[in-house]
Structures are given as C-alpha cells and as structure tokens.
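Pasting a structure here, questions to come.
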Amino acid sequence: MTSVITLLTDYGLEDGYVAACHGVIAGIAPQARVIDVCHLIPSGDVRRGAAVLAQTIPYLPPGIHIGAVDPGAGGARRAVAVDAGGRVFIGPDNGLLSWAVRASGGARAAYEISNAEHFLRPVSPTFHGRDVFSPVAGRLSGGLEITDLGPEVPVDRLVVLPEPTSQLREGCVEGEVVSVDRYGNTQLSIAAGDLHALGVQVGDTLGVWLGRRQLSLPYRETYAAVPPGELVAFADSAGLIAIAVNSGDAAQRLGLPPGAHVRLSPTP
Amino acid sequence: MTSVITLLTDYGLEDGYVAACHGVIAGIAPQARVIDVCHLIPSGDVRRGAAVLAQTIPYLPPGIHIGAVDPGAGGARRAVAVDAGGRVFIGPDNGLLSWAVRASGGARAAYEISNAEHFLRPVSPTFHGRDVFSPVAGRLSGGLEITDLGPEVPVDRLVVLPEPTSQLREGCVEGEVVSVDRYGNTQLSIAAGDLHALGVQVGDTLGVWLGRRQLSLPYRETYAAVPPGELVAFADSAGLIAIAVNSGDAAQRLGLPPGAHVRLSPTP
Amino acid sequence: MTSVITLLTDYGLEDGYVAACHGVIAGIAPQARVIDVCHLIPSGDVRRGAAVLAQTIPYLPPGIHIGAVDPGAGGARRAVAVDAGGRVFIGPDNGLLSWAVRASGGARAAYEISNAEHFLRPVSPTFHGRDVFSPVAGRLSGGLEITDLGPEVPVDRLVVLPEPTSQLREGCVEGEVVSVDRYGNTQLSIAAGDLHALGVQVGDTLGVWLGRRQLSLPYRETYAAVPPGELVAFADSAGLIAIAVNSGDAAQRLGLPPGAHVRLSPTP
C-alpha cells in the first residue's frame, strides 16, 4: 500500500510512549517511514488534536495517519479506520479524525477496528496507540486490506466534531478563536477569503470586536509588517485570519482563549 | 548485525545534543534506523531513565540500545556494552541499563567500552553520548564484534539498580510509587497479578493506605470508567497498578512523589 | 546530490509546523534522510539558532541544512542557499547561517532563493520553512542545481552575525556568555586553548571576574570532578570554557545571562 505512517498523540515526550509506537511499527513494517505530526496535544483535547491534524494533513504524503487523543480509551467508543482521499485515518471514533477526513475530501468508507488478530496481545485498555493503532497501521502498510479490520461503518455514522463557526453577515464576519500557538498567535475560524469578500484588502484597517471591547488593527501580509510589540491581523499559513503581536504574545495581551467570539469588519 | 539503534538520554530538546548523536550515527551507519526512546529524562535521574527504558524495551525491535543518563560522565564510572536477549545495551555502568537488561532476560555477556579506536577524537569528557556511545553503536550496527570494544566484564560485576520494592503480605500488598507521568498518573511497583492474587477483581473497591491516610478507590479497567475528576486504580499499560484521576492529576491531588510508600488491600 | 537534510527552527513542538516540513520533504525527496537539529530555538532568537547550528554542524553528515529562525519572514530579507565545505545551507539571509558557514570553511558561493517554480503554491508569507525552504531542499536532494535557485549573491554581501568576542590579553582572557543550556551550564566565548595559552592546566584554580564580582573556581576536566552543588569551570563538548554547578544550575546561581562579560585568569 503506502510506506508513510504518521502519528499524532497527546502522549507527550517525557515518557517512552511515543517510542513504543515507533518500535511496534518498525517491527511490523520496517519499510515504513514514520512522521511525527505532534505529540504535545494537550491531554485529552480532541478539538486541538483535530485542528492540528487537519491543518497539517495537506502537507503530508498520502499514507496511514494515526490519531490518538482518546480521553475515552478503554471505554465504549469504537476505533475506526477511515478511507478518505487516498489516505487511511486510524483512531478513536470521537471526532478527532473528522476535520482531517473532511480536508481530505470526505470519507469514502469506514471500518470498525475490531479484529483482534491484528493487535498486540494483551491489549492494554489505556494504550490503544501502542497495542491497536500501531500494529494495525504497520499491517496495512504491509498490504493488509482495510476491509479485514472489522465490519463496515456507514460513513454518516462517524462522529463528527462541530467545526468552529464562522458566519459572513452584512458588513462583518463573525467567528471564534480556533487555537493559540506557542508564539501566542491567535488563529480565528474566519477564512481570509471571507474577509476579502467584505472588501478588506492588505493595507487596510480592521474593526475587531472581542465581546464588548473594540479595537482597530492593521491588516497586513504578515506580523513582521508592524513594529515589534504592535498588534496586527494577517492571513496565516492555514489561510485563516490570525491576530498577533510582532515579537509578542497576542493571546495573553488580549486575553483570548480558544472559543472566544470575535467579529471583524472593514473600517470605513 | 542489526539495523535499529535507539537513544535514551537526559539531553533535552533545546540544544543540538541529540542531533549530534543522530549525525554521528548517520555518518557511520547510514543504513541504521534510529528510534528516539526519550530525551526528557530529568537531568541525571538514573532511576527514571532505567524505568522508562525497561518499560519501553519490550516494544522495540532487537537492536543496539544507547542509554545516556550519566551524572558521573568524565568521572570514574566505566562504559559498558551488555549483550542480553539478542539486544546490545550501551551506556554508563551506573545501573541505568540494569532494569532493561533484566527485562530482556538478563545479561549474557558484557564488555568494557575502552578501545578508543572506535571513538570520535577528541573525546569530550562530558559528552560520551556523542563521542563514544554513538560511534560505537554505529560500528556495531556495521558489523563490528562486541568483543572488540574492550575487556570482558563479569556480568555479576555490573552495577544493578535496586528495583522498586513490592511485597505480597497476608491480606495486602505493599509497594511504592515508581514514577509519575505527564498526566499525573501515579505508577506503583505493585503488579496487577499480585493484587489479583489477593482476590481483587475489576469492579471491586480497593483499600489504599498512603502513609497514615486511608482511601477507598474503585478498581476499574481504565481511568475512563469513572466520571471526570474522580480517583481510580487500574492496571496500566506496563501491567502495574496505577492511581489516576480521570482528566485530572492524581500525583498532585494526593501528594504522591516517586518513592512514596503505598499499601493496597481488598475491601471486604 | 546528498541524501541528508537537516532542520533547525524556532517552530516548537506543540503544533504541526515541523511535521509539515517533514511531509513536504518526504513527498518531494522520499530518499532523503531528515535529521532534526533543534526546534526549540527561542522564538526569533537568531543568535541562539546560529550558535546551536554552528556547534552541531561538525557532527552532521554533509547535506542540505535548513535554518528557519526568521523574525523578518514576509518582510524584506532575502532567502539564500550557501555552498560551504560540501554542504548547502538554506535559510533567511539574517546571519542565522553565518556561524555554521564559517565552521564549514566559509562560503564558496551563494544564491538568492527566488525562482518560485521550486516553491509550494501559494507561498504563505509567514511559513517559508514549509513553502520555500523544504521544497527547495527536497529538489536539491533530488538533483536540482543550486544555480537554478536564483541569481548569485556575492559571498561578501551575506549577512554575518557578529561573533561573541573573546580577547587574549596580558595575563587574562576576556569573553562573554554565549549560551545557557537546560542544565544551567554557562558556555563562554573563551576557547580552552586560549586559557591553556595563559598556562592554566586542568587541576588549577581559576580567577573569574563577573563584572565587579570575583570568584575562584576549580578548573577541572568535567563538572563531575567537584562535589554536587559546587561551582566548577571546564572545557565543554564544543571546546569552549563552561561554568557549571555539579547537579545544579550555574546560570541561575551566578545570574549570568547570554552576553554577560566574563574575565578569566590563572590564580598565582
């Protein structure tokens, strides 16, 4: 099938958990190339995991993509393999994979991962990444058919995470903070295209409402277009509007957590 | 010999130290696949390094396994290569490797790493990972015999770290906190099998003594079996009893550092 | 050309940014081996990035070396590819690459990276690592000529970062703190050779001036040569004098930030 396997987890880097997954894959599929997408998803933060996976997937070669952010591990949720756009996504059916599946063109077929002959034995109820997802990915990489994993799941029964909302209105566009990166850059759910549809161009000034607060921010091509310490809005590397402070931390300065409501409008 | 080389260190990820090891290995043994086990072992914490290595090793393909947590680097401790269960462990003879060697079936033979013709020159007294362990691993991967590294060391002279104690008594089992992971899950030295030998089954309530404090905790298959915020005991992915808070931090809640004494018993 | 590509960035590990670079390279140059040099360079800290790259480069196989610490991304700075000592360095022309280029024997030729047919489209103004440097590195690895990237840049027009100063005087040597690692070891710009030229030998006591403070420190082969908690000076793994506390944090103890002035002399 394919020789690329990618891993996104909330396992952190302070233990051997990620290495155990690499080791299991290397033992089963020595020919596979493993790419770490991210292992510092905050513990159990399915939304953050979904966002990072969906925004990275367009830059990863087609392959087998494991997602393991799984606060319900060992509980009732099922594990699934989803065929989408020439890729196979593997993980818990808790919405984690849903945005990346959509970014890959939508699910073509899905299968419950239930055939235990492809798992390590015993399966730790709390470490499906090592005992279920990694060996299954290795075997798929070696030629196992996805249909051998378990019964088919109708694609409209897959758990889908609600997308961050964004709404183009008369004269403004409303959205929310999707995520904050380690620079403090605050990514909104508002596509650059929606802002441009309102007539905003690079070089203009934006009206920004954060709850009841109102700001005017320069809209530029990048944060480097304003002096250090100044606020700026720009289209980020995912095509979404971000609010940043050049060489500073906008999320902290503005007190903007993920989920906070934001409204943008052209300044007349 | 083998084409897998693994690395466990306390070098951290903020410098180029780990990359220098990767580079040295890639230059000498371009065919080798390098797997990072962990580089965030707390500085000089040999016990933590030993625990992470021993718990990960069953999931790594047989290979050459470097351990570099070495507070005595440049001092009197010797460097060793230990042949155990089809694997070769390389590192300081300070006990770091001892639990992984035992988990691999025990040492079959050991050699002092003293033949400087296999090292980088000059050897930095503070960076044997780069200048000694990495080139030696690369050369072993390329076919060098382990017997060429230096004089044999009797395996009963290797430094062995005391294992965390656990004792099955009449009606209870005593042990200690082995380690705390980034979720705050507290791993005990008590094997699930010992608890089951007392008649405890998943679904029961456990009596837990922490010093003079006594708690009753549900014993479940996983932390997800209790509501968020509640304490639970379960058999973790290494087969040891862990105390956790679902979506919370048990080590912080209970004030349980590594080494703390714990006693478990069935609740009548 | 070469099959090794290395990556040094300030992207951090909490997002999918590094993975996107790996993915782009794997898609274009599946044969290339990618080595991560460091991704935790403090955001925008070009000097720290330059120091880590220059001190690691002697241990990396010849290859294509990407540096992306780029506070001016999207601004006026140009991107360059520099041919030096059988290696190709790729990154912003902001001095980041300059110390590694010097450590590799100096620039033989340099080219502006301006030929957009080798880039991803569209190019995000804030993520040249993914959209410019990674695809260009992949294509060079696949055989593209460096001369195809854009117009030649005279090597004496490349931005060069001022090196940390060090001056051998009558009876003393002056320098500055270059960097502080995660152990709190404080690396000075003073080469061990300069200290030895003053007649200092391992085993001697050093006079150390930190501004107006004066200390006497043992000069030893390694930090392990003094009892835990004690200060010591030694030649570090880069051949530079470092001040450390055995099992402690010298930078914190002495209040020594990067750039602080230090003078060393033999104690009579």
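In order of appearance the chains are A, B and C, and numbering begins at 1 in each one.
FYI, a contact is a pair of C-beta atoms (placed from the backbone, for glycine too) under 8 Å apart; a residue touches a chain by one contact, two chains touch by 3 or more.
All values derive from a computational prediction rather than experimental measurement.
A.B. asks: Which word fits the touch map of the chains here: line, ring, star, complete or other?
C.D. replies: The chain contacts form a complete graph, every chain touching every other.
A.B. asks: Using only the C-alpha atoms, find the rotation that maps subunit A onto subunit B and quote its angle between 0 and 180 degrees, to the nearest 5.
C.D. replies: To bring subunit A onto subunit B, one rotates by 120 degrees.
A.B. asks: When subunit B meets its copy subunit C, do both sides use mostly the same residue numbers (more than half shared) or mostly different ones?
C.D. replies: Counting shared over all numbers used gives less than one half: different.
A.B. asks: Could you please state the distance in Å, as a whole number, between where the Cα atoms of subunit B are centred and where those of subunit C are centred?
C.D. replies: From the centre of subunit B to the centre of subunit C is 32 Å.
A.B. asks: Could you tell me which residues belong to subunit C and also touch two or more other chains?
C.D. replies: 13
A.B. asks: Residues of subunit A touching subunit C in their complex?
C.D. replies: Counting only subunit A, the residues touching subunit C are 3-4, 6, 8, 13, 33, 35-40, 52-53, 55-56, 59-61, 181-183, 221-225, 234, 236-237, 247.
A.B. asks: Under the definition above, what is the set of subunit B residues touching subunit C in their complex?
C.D. replies: 12-16, 19-20, 22-24, 26-27, 30, 43-44, 71-75, 124-127, 130-131
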